[in-house]
Amino acid sequence: MSKRRGRIEVLKHVSRVLQGNASGDPYERDLPCYLPPDYDAGSARYPVIYFLAGFTGTGRMLLNVSAFDEAIDARLDRLIGSGAMPPIILAMPDCMTRFGGSQYTNSSATGPYEDYVIDELVPFVDEKLRTLPGRDHRGVTGKSSGGYGALRLAMRHPDVFGALGSHAGDAYFDYCYFLDFPKFVLGIQKYGGTLESFYQRFTELPKKSEAFDVLNIVAMAACYSPNPDAPLGIDVPVDLRTGEVHAAVWQRWLDNDPVRMAPKCADALRSMRTIFIDAGLRDEFQLQLGARILCKRLDGLGVRYTYEEFDDGHMGIVYRYDRSLVELSKALA
Amino acid sequence: MSKRRGRIEVLKHVSRVLQGNASGDPYERDLPCYLPPDYDAGSARYPVIYFLAGFTGTGRMLLNVSAFDEAIDARLDRLIGSGAMPPIILAMPDCMTRFGGSQYTNSSATGPYEDYVIDELVPFVDEKLRTLPGRDHRGVTGKSSGGYGALRLAMRHPDVFGALGSHAGDAYFDYCYFLDFPKFVLGIQKYGGTLESFYQRFTELPKKSEAFDVLNIVAMAACYSPNPDAPLGIDVPVDLRTGEVHAAVWQRWLDNDPVRMAPKCADALRSMRTIFIDAGLRDEFQLQLGARILCKRLDGLGVRYTYEEFDDGHMGIVYRYDRSLVELSKALA
Amino acid sequence: MSKRRGRIEVLKHVSRVLQGNASGDPYERDLPCYLPPDYDAGSARYPVIYFLAGFTGTGRMLLNVSAFDEAIDARLDRLIGSGAMPPIILAMPDCMTRFGGSQYTNSSATGPYEDYVIDELVPFVDEKLRTLPGRDHRGVTGKSSGGYGALRLAMRHPDVFGALGSHAGDAYFDYCYFLDFPKFVLGIQKYGGTLESFYQRFTELPKKSEAFDVLNIVAMAACYSPNPDAPLGIDVPVDLRTGEVHAAVWQRWLDNDPVRMAPKCADALRSMRTIFIDAGLRDEFQLQLGARILCKRLDGLGVRYTYEEFDDGHMGIVYRYDRSLVELSKALA
Amino acid sequence: MSKRRGRIEVLKHVSRVLQGNASGDPYERDLPCYLPPDYDAGSARYPVIYFLAGFTGTGRMLLNVSAFDEAIDARLDRLIGSGAMPPIILAMPDCMTRFGGSQYTNSSATGPYEDYVIDELVPFVDEKLRTLPGRDHRGVTGKSSGGYGALRLAMRHPDVFGALGSHAGDAYFDYCYFLDFPKFVLGIQKYGGTLESFYQRFTELPKKSEAFDVLNIVAMAACYSPNPDAPLGIDVPVDLRTGEVHAAVWQRWLDNDPVRMAPKCADALRSMRTIFIDAGLRDEFQLQLGARILCKRLDGLGVRYTYEEFDDGHMGIVYRYDRSLVELSKALA
């Protein structure tokens, strides 16, 4: 096995579309990119895969080290070095917002993150690095909300992406979000009972992860049901005291559900060179059910895909990244 | 405080309507009734309250003893003896089915339990015991599925019941049942993946409580969406493999939701001499949210009621029974 | 299978030794006894098994009914009716205290419950019922703290009991109690931080089960390390603020551990006609480990026994009672 | 507030003492060091604090980024920039082993990590960076096993360290380890039931965190009770089948307990310029009890210290690092 290593190049990007974004998040962001072992020595061009981070994650965090799990660069070194996959460039965008994530949507409550990736980062990477340009050499994958982002961006931008991976991506919102509404309602009442009081107290919490149950629904609402006239610029799909569902707001969420989006994006899906989907048998957010329902839709639409269920939950499944990286890189090479 | 005790009279009732019931459950059943301390010594007539047991419960179980909780007869002795409530008769029906309960509905999959209570038990009690007859002296209360039963029977039979109590009663099915659908789907797959395979294995389990997550949804489906042509006579509201919701079946469930039933039963609700509703702040089935939404409906309909939230969960809240017993007995005296 | 049923005879017993007991518990108690189907029709004498209830349990509770589990009388009817075991009398003592149980010990903090069973109940039952007298026809079994009681009473009174059963009985106190000390310490601080403040608030709790983590250690201390000069008459084995272990008090507990008692009671154990021990593979109190260690001791002492591990936890394992009832009754017939 | 930033210098160190270590771990390691904002511009010398990582952690991981928590360099920039603490150098050693950690001990099963820090890293840092040399300007702190390491190294090497911090450090092994023995025993049986079978399967697990319950006890045994003649070079303190405690092995662990070490190291402890200890009120490993007992020992020995309990658990408490960094840096300036 080759011991040669790729390297991380951190591109600095100044966004135009994120300037003045509603949640006051930075418009100058780092874009770490993995360059394969031979990149510097030669002049070859490489396919590029965009790896989208999950909720509360950024591309940069894929490089965090831990005792027993490989960081993404070590993972790629191993996979490329062993010949398991062809060399690629991996771009790791930062689409973070003050709410913990953007779901890779354009939203008046956060910012135009879908545009940011599609209109700014993709051309920027093609300009700065020796990519093989064109959708047939460009893929997108991710985990959890990043898997959702990959599904969303590929379905809506088949001109930009030609291959798609989703590890435990958000799908069938009836289960992956709706089930948390009671916790959200009971939780927000501990933080004053309004979106503003929650957010104010959230910013003051020493350990913010304690409020992630609440934050997650706020963030999803910021992405799926923004409303410039509402508190924090957000409509939430439930009454904050009783939990009663607001059907119209909830419908706005459902319009963003990959299961509901798929029929409208059938051509895009059919055009993918490869689609890789997986989920854990014991996913704590029931995303294996969402994945099964999505697969059933794909079956109905005549879309080809690979689906795997693995014996694990939702967290700590970085070892699964091998699968989409291998499948996508082969299809894009 | 008076030390005089009431006593339990176990009436034997042979049901006509339960004969040949679909799930093969007994049609001869005991009906334990509490008679107040002075019953045998005098000739007075008493109001009667029907106490409906929750899922997997029967009236008889209200008499089970434990180390630190009062059984229902000791509870009534104390409340009546101290003058906290006037003397009453308490009837404790057995509406059990092979699935763990009937929700006090008429169902082709279980039996006509609503008719059983209304058409058979009520006249039977009035005949056998010295009750004060008439809806103004007859109330119904219960806990959990028994609270649901009380809501249902009082809303639909205001000619029979004039007062209503519900401790943590099933309401807003979106939260109290829907949230368990993923667990149900994943659970049933461990038992062979079909209703028949599940039920067969369930009957063989040494400890049946291990399967209550699955059984509960099967039982509710037996009550809310029976279908004589389907396996076990039951339509379930989700696909047993993917969990996808069957909207038409789910709508049949929602038609039985107290929150949805209330507007159609506004006159009945307004006619109650008292309505007592409570739920725990930490109810594990989110029934405090259902209760809040129900109360909001009652407000909109001009229905008067008492609502209490208490600092506890769903289980082991027998001490709360004092509240409905006191409120109902005063209103019915 | 025979459909004949045994019946419950509730003997009323007035204890001499429990009069004036330290915790003010009743000295007049019911002793429910199961009499086999043919008891009333004939004049035969029967072996008698004492079934000891677990913590917070009494003999009477063995007769509580539930939806899917057999009460003890139905269980015996079935086992005797099917010929799986010979007919027996089952005596179900009440050794409850205000702390939730006595562990069947003599304690200055609760009362002389070991004497109560051995010196009073056994002769009383032999007098009132047609028992086969003598230790060769008398056994003792139980579950959890009742299994502990059976181990203790049989080890210390081989003249009284000739067969022994223990379902998930307390053993190897290092695991079954020690592991709860931190919870106990942190818990008692919520109740004022002293034994007296805890007990006072405990008596006022509407739902006492919320405090069982704390109560359990208080109760065990009342049984294993009473001290008439200490608050509540009890020495606890840990500092109530820091949790630091008091070695001398802890040693008093260990002296009561079946694992430590066994070598001193080797003759008694060897004299048993049968010893049946089991525990669940997933026992939440690690009693399967205690059972394994106990069995290792028995091996070392040349004691014969039957040991079974079953695929379940600690709670709701009434179906296991079949095993000790069958084994003991056969050995005692 | 100053916006000037310090920077990370990653020193490369080739260890002599770790060469040929028993567990085959690297002897060339990175030593990331934080240099304060003015370091490069001037020639001042600075106190140095060693921050020891917890179990499964290395110094490098303190630099991992996340959405809402500061990495250690951003934390120091803020604290120094605001004037909350004087400028310091922070050294972040890597004492990782194949078992997840070394507890900063010398062990024949892992390697001489205590020597590694004391004899090699400290002189190395003093040589490479502009430190204020001498124990009065050198402190050690850490969290969890790193807090333990700080306690251990300061107690045993008062000539090297003059200030000490411990966030939720391992103490009172009776609670922080003993309570996990049953889980360890039951866990290891899933991995073949021996240390070798466990370790073999552990190396093959895609998600190693699933085995941390077992690994943790193996690792502690490697540190506290190594035995070159035993499997993996480790004696474990319990029987792997029954869980029975091996008293002699367990005593070797206890000899390493800060609570037991303190009396032997009283002079060292009294010599510290500052001692900062904290723990969470809800620490999942009961380390607040260990901390309370340790403080009681310190009281008895006339040692001065600061102790804080905070309203949190054991995980995600990086925000607490501010406290020891501020206290130690002030004492060492």
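All chains are identified by letter, namely A, B, C and D, in their written order; residue positions are counted from 1 within each chain.
By our rule, contacts are C-beta pairs under 8 Å (C-beta built on N, C-alpha and C of every residue); 3 or more make two chains touch, one makes a residue touch a chain.
Model, not experiment: these values are computed from the prediction.
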{"item": "Other chains in touch with both chain C and chain D", "value": "none"}
{"item": "Cα-centroid distance, chain A relative to chain C, in whole angstrom", "value": "57"}
{"item": "Centre distance in Å when chain A and chain B are each reduced to the mean of their C-alpha atoms", "value": "46"}
{"item": "Centre-of-Cα separation between chain D and chain A, whole angstrom", "value": "35"}
{"item": "Which pairs of chains touch, using the document's own definition", "value": "A-B, A-D, B-C, C-D"}
{"item": "Footprint of chain C on chain B - complex, ascending", "value": "56-58, 60-61, 64-69, 96, 100, 206-209, 312, 316-317, 319"}
{"item": "Of all residues in chain B, those that touch chain A in their complex", "value": "172, 174-175, 178-179, 181-182, 185-186, 241-245, 286, 289, 292-293, 296"}
